[in-house]
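Here the chain labels run A, B, C, D and E in written order, and each chain numbers its own residues starting at 1.
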Amino acid sequence: MTATTPGGWLLVLALTLPAGAMLLGFVAGGRHAQRIALGALAIWLAIALAVALQVQASGAPLAYVIGGWQPPLGMALRADGLAAAMLLTGAVVLLAVALFGQGAYDTPRGAAETRAAYAFWCFLPALAAALAAAFLGGDLFNLFVALEMLTFTALALACLDGKPSQFKSELRYLLFALIGSVLYLLGAGLLYGAYGTLDIALLAGRTRADAPTMVAGALMTAGLIAKMALFPLHFWLPPAHAGAPAAASALLSGLVVKGAFVLLLRLWFWVLPAPVVLGGGTVLAALGATAIVIGSVVALRQERLKLLVAYSTVAQMGYLFLMFPLLAAADADAASRAWLGGVLQAVSHALAKSAMFLAAGLIAVSLGHDRVTSLGGAARVMPITVIAFALGGLSLMGLPPSGGFTAKWLLLRASVETGQWWWSLVILTGGLLTGGYVYRIVAAALAPPAPGCVARAVPRPQELCVLALAVASMLLGVLPLYALGLVRVGAP
Amino acid sequence: MSLLLPLVPLVPLAMCLALAWPGARARVGGVLWAAPVPALLVALLVGQVPPLVAEAGGLRLTLLLDLPGALLLGGAAVLWGAAGLYARAYLGHQPRFAAWWLLTQSGSLGVFIAGDLGSFYLAFAVASLAGFGLVVQDGTVAAFRAGALYLLLAVLGEIALLFAFALLAVGALGDSIAIADVVPPLATSPGGHVTALLLVLGFGLKMGLVPLHVWLPVAHPAAPMPASAVLSGAIVKAGVIGLVRFLPEEGAPAGWGSALAVFGFLTAYWGVVAGLAQRNPKTVLAYSTVSQMGVIGAVIGMGIVLDIGASGLHAAFYALHHMLAKGALFLGVGVALATGRGARRWVLPLALLLALGFGGLPPTGGALAKAAVKDELGADLVALCAALSAFGSTLLMLHFVRRMMDAAAEAPDGRATPGLLGPWLGLGVAALVVPWLLLPWVGADVGKMWSLEAVAPVLLGAALAWPWRRWADRVPELPEGDVLVLARRGAAPREALGRAVLRFETMFRPWPAAGLSLLAVVLGLLAAMAG
Amino acid sequence: MSVVIGIFSAVCVLAGAFFFLAGTVGLIRFPDTLSRVHALTKADNLGLGLIVLGLLPLASGAGVALKLVLIWALVLVGGATAAQLIGAAAAKDER
Amino acid sequence: MSGTDILALAACGLVAIGLYGVVAQAEVLRKIIAFNLLGAGVFLLFGVVARRGAAAGLAADPVPQAMVITGLVVAFAATALALVLTLRLHQITGAATVAEDPPSGAAPDPASEP
Amino acid sequence: MTAGLLFDLMMALAVLGTAAWTLAARTQFAAVIGFVATGLLLSLVWVRLGAVDVALTEAAIGAGATGVIILYVVARLRGGTAEISAATPSRAQRALAALLAVAVGGVLALAVLNLPDPAPSLAEAALAGSAPLGLGNPVSAVLMAHRGLDTLLESVVLVFAVLAVWSMAADHRWGGAPGPVFRREESGPLSLLARVLPPVGIVVGIYIAWVGADAPGGKFQGGTILAAMWILPWIAGLARPPSITDWRLRLMIAAGPLTFLCVGLAGFAVADGFLSYPPSFAKPLILLIEAAMTLSVAAALACLIAGPPERRLPPESMAADRR
């Protein structure tokens, strides 16, 4: 029995405010769309903060029963620590990207509406609504709709430039993502057939390790990891994310893939029964480990900065899967650490990677290219951007005092404590390789400019947006541990 | 009293932050020398400062001051102060330099009083990473290349330490991350050897133990003179305090003491041999640092082997002398280059004295330092090894003096300003005198420094230095960072491996392969779930 | 009476089904586009008409009967238009 | 074996056919058609589930039916989007597949972007 | 009973047969025909499954609108045989794909046949839940009330899709009307159809949307028919669609979700919370939403089918260009 908790209305607001803003912006268009989006995202951040504070204060998940119709017939929105943390991350990144996007997608007073600006300012609140639906949704079918919202938004954002070269990689992304969604839906259908409900809270603890449940679990998992670009299903991500405009890449790599991640966690640690999780977790972690190593090595060998950052996303997503076998372990302390580490990795990667993509975009704009070998002089023209990139890189490597450090440290500790020490070797190797490619960029950017290289200065406000994201990913690491307790609220 | 401890890293940090205000910029630049004053005060108060334990968010941070820490802290504070004064005369006021300087200083001083894994790591990382800014200060291509190498190896060291600390924290009883709690179980814990290896890698990189020393002769000479002085004098000591704290004689797993000793002596000899083939006086000094750090490594290693409780203190005392003397020598190079041929009168006497001190010429501070480690390096074969190293050091340091005079002879004549002379002279005198002042705390047998086996290597080295003058120019110059060349040769197999991984990844890129993978993942997951 | 109506309905519906079958066979077997369209539309219009005719007596009220006739009329219009368009396209291709 | 079971097997068959099509067919358009067949199979499975849940005088459980209606509309929107992309891709580059471009020089140059 | 079983078996084989034929079809055009045929057969299957609402939706959207839009794209794709044969997977890959696809289908069948018996069902709850709303069709009640959030988000998804489709336009076409330029035909069958059909079609569309509250039908099915009636004159060149920058077109597309959202939020004030209806006003409110949604579905579907703007209207005609 789910009951609406005090403050549950915040969840409704978190979902409806960006959706309404998107619709209004869609109708009003032009300059109004921009204003509406900026205003809505600022308020959305306040709402996300309020949700997080409320969850932290009450120590229990928030819930809202929609229309008063109890699940299983009706549906509920829920915000546990995971949802609250991800919502807050999404709000921070979105607002930063929106402020960043004011540079490229500004519609001055009296100017005619342009395609890219209109789409950008409509899809920012759209992404907020999609993320809210994915993080807060309590019903597996409703989450399917949220997944599709995310897919459409991601597609449109990636095509913002209207570059011909982008259409092919986006089409590949769209088709693959749609297949992923359909597999997810197929599994959801089986679960409904087996249990007569798709409400996550009702399914929790009621599922059996029988054929329908396992097949549903396998199908839904495969669909979700296809959307998360876990190796070997990663082929669509690098070209799609690298080819998109910087602001879009930041959102795609930082946030969109995390939507599927939250769904995967809900599926595995709420819905699927323990024996199934125990068996399958190792496979996921093995794929994740492969992704870390292969993604990092391939990133190390990229000649284009944005492709390098995109492959780094493939590698970093691998870390998220290391938590699966650790969480299934018997040691409760270690499991709790693994949970915290995994979620923290998602959050810190969202912040760091969006900063890195925005920085890469600024570097490309300034130098007129993004060839890794000739980034010389970048640090002189835009020291703030290069510092932000380096800070983001430190977080990816897992060096203190970054958020990535805390995340990887917790995962490492959990892997040693549960006796699955081999994952710690992967974390170590991944950190070294990450250090390698981040170092490659930073060293190249610090080098003196090549003769004949003309670098344009970039707008300071944009640089500061990037820096803010990078610093946020750093601050995550010095956040006192009790603040991280938020993530533990309602953990499995 | 214990509230003084946080001031050690925080005062430089606060000054660094103050640089952000344009109004305060010039003023901060003028008092760069004052940043380490709290550190010096705290070091002088050793024994009266209780540890400071602060609880923050479930994490217990500890700052403490013990005798080895105080020796190193005090020495480093003197060096930072003198070099800070020198920097103002040498570079003028450069806010960017001042920022890196203060940031590095904050970490470099903080590491000597850190009492838990978290604050130790933080201080260590700040000192290492901010040091990059000092290396590339000159902005030349060579400086950036050196800086890039420095950064790479610093980060590698960080990662090794990070994982060592992770293993330490896991192995500790309870949730404490105080060094005193996590180190004792190391000797018996199952992952002890891995931890020890990672610790030696991390700290060895910082100290420059062969073959991890490659960055040191590249990076130290690239920096401007005062920065070279602190890099070679103070920052490498973060590695020394690390070994002292994390591999105490009762905590190290079996075998690591002798391993450390062997590597220490190897480093000591390698530094001498490679240094003798160098032309640039700053590079010779950097190799001398490598060699001296090797001796300290050997001291700590033998301390573990022989189970000598005070070996940490002895190593710190030895390091203190090195800090002051090496700093003075680096500053002296700057003075020599500024005075040109006049250096013969000005610089030569003190430089000779300090140089011979490294060999152990009594009654210099260096001889005292050598006497202090006699407990560790005074028996049997080890004594012979130590004597050999002292002989090598003498030879190397005289080679340095000669190279410095050569360089000075080519420089235009001039007069050194008091801003350069003062700090250099002060530091040099301190290197000669301070060890004597501190003797009561360390308790070295002064008599031993007059013994034949202590003096003979110096005399022999000095005797051979003259013929080496002739040969030195015929020896082909070894590239800075010597074995780095080998690492470059290893690039080919690495390249092939990288290409193979890339080819493997490319196999999954076409649509059919990805689609097949998706179906295979469904079936594979199902099989795994069904057990 | 009801027996007569039942027989009438059955005959009409079966006849309609036969025309559908014939039209489908024609669609598959005929050699070119025009004759295929010919087979399909003629047979389908007549077949559907017969089925609707057969169902009319079984309708529960005038409203339902009207809807049935409306369906047939709409299919007639749609089918005729589609046949015209396809024919025109085929004729253009031949030229 | 009941009629519903037979239709359930048909749904599974449709899923298999659709999966084969999306993986093994080259042209984007055929992939999109195959995706719709796959989707039809999934929806049919919901229909089977709904039919099995017939109760209280209803011929089928209305909840899965509602889900299918929602799903159909979403699938249509997705198909429309994919088709528009296909058409635009074809108009601009003449391509009819999503095969990867040859690696040389095909990397997008983000220099021109905002 | 056996006759029914036989019918089901035949239907199943027919569906699988046409589906397989769709994949194997030689031309893309034939594949589309196969797909539409499969869709129509499927709507019959839906009737067999007792889901008339879904059958209507499948026929209208699954087969109808989807078929139309695919056909429309097929007609505009040309050539590229070399590229296609290069991209076709090898024989081994196809064999492997077939093997794996059959395996997945097989385990799926295993799972479906092992679903619990008696099956869990919400039929009773849904029936009980639809009575207080005054809706005779429980499917509509689930769509509008119990799972209202799904429907709300889905209508938002439609707006996302329209916007995404528009944003694929070339930059210089922004401000044009959706879709390509159609030649105006004064006479001819299409022109006749475009004149004759819409009056009837619009009535039918509104009827189907209206009747959805109590009988099979509803906004999506009715909206699809209305969309078709709106597009027909565009294709015949008899009418010009409005410009995509026209706020009235945009409002039409967004009206449904906006109304739904407003009514839902009004629930905080007049009922017990988001998306709940005051008992006495439930049916009128739901009909209001349904009406707005029908309009929006029609406009959105029409825009999705027409595609991104491919022409630019002369400025003076942009304002006057409303039907």
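One rule holds for everything that comes next: a contact is a pair of C-beta atoms (placed from the backbone, for glycine too) under 8 Å apart; a residue touches a chain by one contact, two chains touch by 3 or more.
Predicted model, so just to flag it, every value in this text is computed and none were measured.
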Query - Co-neighbours of subunit C and subunit B - touch as defined - result: E
Requested in this report: Starting at subunit A, figure out the least number of steps needed to reach subunit C through touching chains.
Outcome: 2
Report task. Quickly list, by label, the chains bordering both subunit B and subunit D. Result -> A, E
Report summary line: Averaging each chain's Cα atoms, the one nearest the global Cα mean turns out to be A
Query raised in the report: So which chain is farthest from subunit C, going by the mean of the CA atoms in each chain?
Result: B
Report task. Would you mind pulling out the distance in Å between where the CA atoms of subunit D average out and where those of subunit E do? Result -> 13
Report summary line: Distance between the CA centroids of subunit C and subunit D (whole Å) is 32
Report summary line: Between subunit C and subunit E, the Cα-mean centres are separated in Å by 26
Report task. Could you list which residues of subunit B touch at least two other chains? Result -> 509-513, 515-516, 518-519, 522-523, 526
Query raised in the report: Which subunit A residues touch at least two other chains?
Result: 73, 116, 141, 145, 148, 152, 155, 159, 172, 179, 186, 190, 193, 196, 214-215, 219
Query raised in the report: Which subunit C residues reach two or more other chains?
Result: none
**Report entry** Set of all touching chain pairs, with the criterion as stated earlier
**Finding:** A-B, A-D, A-E, B-D, B-E, C-E, D-E
**Report entry** Parts of subunit B lying in touch with subunit A, wherever the complex brings them together
**Finding:** 56-59, 118, 121-122, 125, 136, 139-141, 144, 147-148, 151-152, 155-156, 158-159, 162-163, 166-167, 169-170, 191, 498-499, 501-502, 504-505, 508-511, 513-515, 517-518, 521-526, 528-531
Requested in this report: Name, in rising order, each residue of subunit A that touches subunit E in their complex.
Outcome: 4, 9, 12, 16, 19-20, 22-24, 26-29, 64-69, 72-75, 112-116, 118-119, 122-123, 126, 129, 133, 141-142, 145-146, 148-149, 152-153, 155-156, 159-160, 162, 186, 190, 193-197, 210-212, 214-216, 219
**Report entry** Complex contacts: residues of subunit B adjacent to subunit D
**Finding:** 509-512, 515-516, 518-519
Report summary line: Interface with subunit B, subunit A side, in the complex: residues 172, 176, 179-180, 183, 214-215, 217-219, 221-222, 225-226, 231-236, 275-276, 279-280, 282-284, 287, 293-294, 297-298, 300-301, 397-401, 405, 409, 412-413, 416-417, 424, 428, 431-432, 435, 439, 442-443, 446-448, 479-483
Query raised in the report: For the complex, which residues does subunit E have touching subunit C?
Result: 188-190, 192-193, 196-197, 200, 204
